[in-house]
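By letter and in written order, the chains are A, B and C; residue numbering begins at 1 in each of them.
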Amino acid sequence: MSILVRNVSKRFGDFVALDDVSLDAESGALTALLGPSGSGKSTLLRIIAGLETADEGAILLGGKDATAVAPQKRNVGFVFQHYAAFKHMTVRDNIAFGLKVRKRPKAEIAERVDELLNLVQLQNFGHRYPAQLSGGQRQRMGLARALAPEPQVLLLDEPFGALDARVRSELREWLRRLHDVVHVTTVFVTHDQDEAMEISDQIAVINHGRLEQAGSPRELYDNPASEFVMTFVGDAQPLGEALVRPHDIDLLTEPVDGAVEAMIVRVTLLGRDAKVELHDASGAELVVLMTRDRFDDAGYWRGQTVWALPQRERVFAETA
Amino acid sequence: MVMVGLPLAALMWEATSEGTQSFRDAVSSPEAVAALKLTLGASLAVAVLNAVLGTITAWVLVRDDFRGKTVVNAIIDLPFALPTIVAGLTLLALYGPTSPVGIDVAFSRTSIVLALMFVTLPFVVRTVQPVLQELDPELEEAAHSLGASTWTTFRRIVLPNILPGILSGVALAFAKAVGEFGSLVIITGNIPFETEVSSVHIYGRIESGDSAGAAAVAVVLLAISFATLVSIGVIRHFATRHDR
Amino acid sequence: MKRLLSRLGLRTLALAYLALILVGPLAVVFWRTFEDGFGPAWDALTTPETLNAFKLTLIITAIAVPVNTVFGIVCALAIVRRRFRGKGLLNAFIDLPLALSPVVVGLALFLLYGRDGWFGSWLDDRGIEVLFALPAMVIATIFVSLPFVAREVVPTLREIGDDQEQAARTLGASGWQTFWRITLPSIRWAVIYGVILTTARCLGEYGAVAVVSGRLQGETETATLRVQERYEAFDLAGAYAISIVLALIAILVLVAMTVIRPKEGTA
């Protein structure tokens, strides 16, 4: 089921959380809402779920206007950052909750819960209480709970935000695989660009309540629409009037047109990559990344004067 | 809201129904003034006693460890659970004319303080205890390691942290003491100008059919209760300032 | 060494204080009551007037506790989960019965329901007895024990937050289903704790009931009023016997409070 966000605005007092945001999520796609904290991305997700109401604009689920529909009736699954586990219920009862309130037959509920416990690899934890689970297990339970009533849309609010780095990357891959199996339209909120790049079909970058750009990870990286997108998705640094990524700079030993003279102040070898740090005449810092092969061929040394030539530089009219 | 507001509105109405002059007369009658002075004096004394003894008790319950602490901790709430009239009777049994230890303070002003101490005992303990529990003992250890004596540590480190708790406990105890009735009826003898507190004075006026006079004095007590609640609100507001 | 001494000193001081104020007096009453065995105490308790007084106390408690439990939960939910005008006022009003003298409460109700009161003549015309009868005693008891459930539930509701309730809504639960299946189970220990405190307060209420009951022996006399009546009739044994029963209930309450308290917040 597709999700269409149409001109949604939301204020909390004087604070503008969302300003005229429109976004399309295709049926079956995995969309990431990416932005710094306080950018309004969680608010947008909560408005899609019906947990908040938009001041202006509309939400269409499967082509139907759902703006005024209560969250209970939207048939969305929602996964919370801090799990929102029902502490007084076992894992089984947590997962069964959405089915029980729909008064499904007992046998059907039991069957579906077993299926989901398998899917999220919690087969042996059904009779435990949330307090007896690790963070990662709790979040998998949260996912199973959200999926149990077979929602048309799955919404995840920083689902891995409260977990440590290793568990986070495990769950990230696992979510991608799960999405390939379940294939439900999914929107998840994250402030981690790697997470967004790694698993989503589409990324929507949000900053200060405005949608900066939406597109595939590749599109965003290769053709950022604004300075903010360029710096937030992947690394970028100023070089003269333009922005350029550290990989997109050639270091030459002879001056050429458009190249900036600079001195190498530090060289770091990062396994397969090499990082060269430079200072130009004005003292501005510049970082250049290159493969080890290229580095070894050229044999740069500290104190050497070189000319930095940007390959894919970008100039943005407005400065964010 | 209606449940609480309406009766109080009726009370105000009655107090002023015969004009402000009669209200002033009722409140400023010698007996009423004596009762109010006694009530406020005894309540203040009890509030101060509670501040000291309640804080010590809370400290012992949190930082000390001994056999039977759970039982002692449970007993603190006895005044909440025991009917006040029973409290008065039990105090009279130990500190009255038939005292097995020969102490008789019945029908004296000491008995008022005693009864009020009984009924207000839990307030300071129960407001200070959770704050002390939250207060990291490492703070005190750090102060000790920096060379501060036990007393200095208490005064400079512990006290500022628990002071809002003490104050709101003291305010609650004061409010309770000002309005206390049941535990005083039996033990104080209710002698006008001597041991008659305001609540007992109001009761006497109701019994003798002077409901306007009773209402007038009651409005004064009501005002004190309200002022105390407001000050507790203010204390809480300032106490949580640091956390925000 | 010095620290140990000051610790022991404080411990002794605190325990002596509790013994002199709380435990000692109660112990003496127990001793006096059973000085001559159980017989006299039993006889004092089983007089028709005393039995009736206990019955009346139980009836009042049985009405007041459920009313205040429902009221307390609704109030707590309103205070924590809703935003509305006059919320600050509700917050202040709900604590008022704690700070107010029971005699003042009794007088206020007396003035509202008395023959010359605002509702008095209307009720009188219809032959409804409120003052000096069960209804006024129930209302007085509800008034003084009003805040206990709400005061216990409010902090617990704040602590658990509304994440779980939101999750229930996205899973399709109606407001009613969310309350019964999620909210109520999460606050159950706070509710039970509040109910225990309310019960203790209802059983022990004296001042407000003393004013509105008229203290008619065998009719509007509760257990606490009976204690006072027996004492004034120079029947100390009778007053002690009733007190012992009330004290035993109080001790039960303390036990219940101790058992439940550690579970707060972990439910």
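The criterion applied here is as follows: contacts are C-beta pairs under 8 Å (C-beta built on N, C-alpha and C of every residue); 3 or more make two chains touch, one makes a residue touch a chain.
Since the model is a prediction, treat every value here as computed from it, not as a measurement.
Asker: Edges wherever two chains touch, nodes for the chains themselves; is that graph a line, a ring, a star, complete, or other here?
Answerer: Drawn as a graph, the chains make an open path, so a line.
Asker: Tell me the chain pair with the top count of C-beta pairs in contact.
Answerer: B-C
Asker: Approximately how many whole Å separate the CA-defined centres of chain A and chain B?
Answerer: 57
Asker: For chain B versus chain C, what separation do you get between their C-alpha means, in angstrom?
Answerer: Inter-chain centre distance comes to 18 Å.
Asker: Can you check how far apart chain A and chain C are, centre to centre, with Cα atoms defining each centre and the answer in Å?
Answerer: Chain A and chain C have C-alpha centres separated by 54 Å.
Asker: Note which residues of chain C are touching chain A in the complex, please.
Answerer: 163-164, 166-174, 177, 181-182, 185-186, 267
Asker: For the complex, which residues does chain A have touching chain C?
Answerer: Within the complex, chain A contacts chain C at residues 49-51, 70-78, 80, 82-88, 97-98, 100-102, 142, 145-146, 148-149.
Asker: Sort out for me which residues of chain B touch chain C in the complex.
Answerer: Residues 1, 3-8, 10-11, 13-14, 53, 56-57, 59-61, 64, 66, 70, 72-87, 89-91, 93-95, 98, 100, 114, 117-118, 121, 150, 172, 175-176, 178-182, 185-186, 198-200, 202-203, 206, 211, 214-215, 218, 221-222, 225-226, 228-230, 233.
Asker: What residues on chain C touch chain B, complex-wise?
Answerer: Counting only chain C, the residues touching chain B are 2-3, 6-7, 10-11, 13-15, 17-18, 21-26, 28-29, 31-32, 89-90, 92-112, 114, 117-118, 142-143, 146, 197, 200-201, 203-207, 210-211, 223-225, 227-228, 231, 239-240, 243, 246-247, 249-251, 253-255, 257-258.
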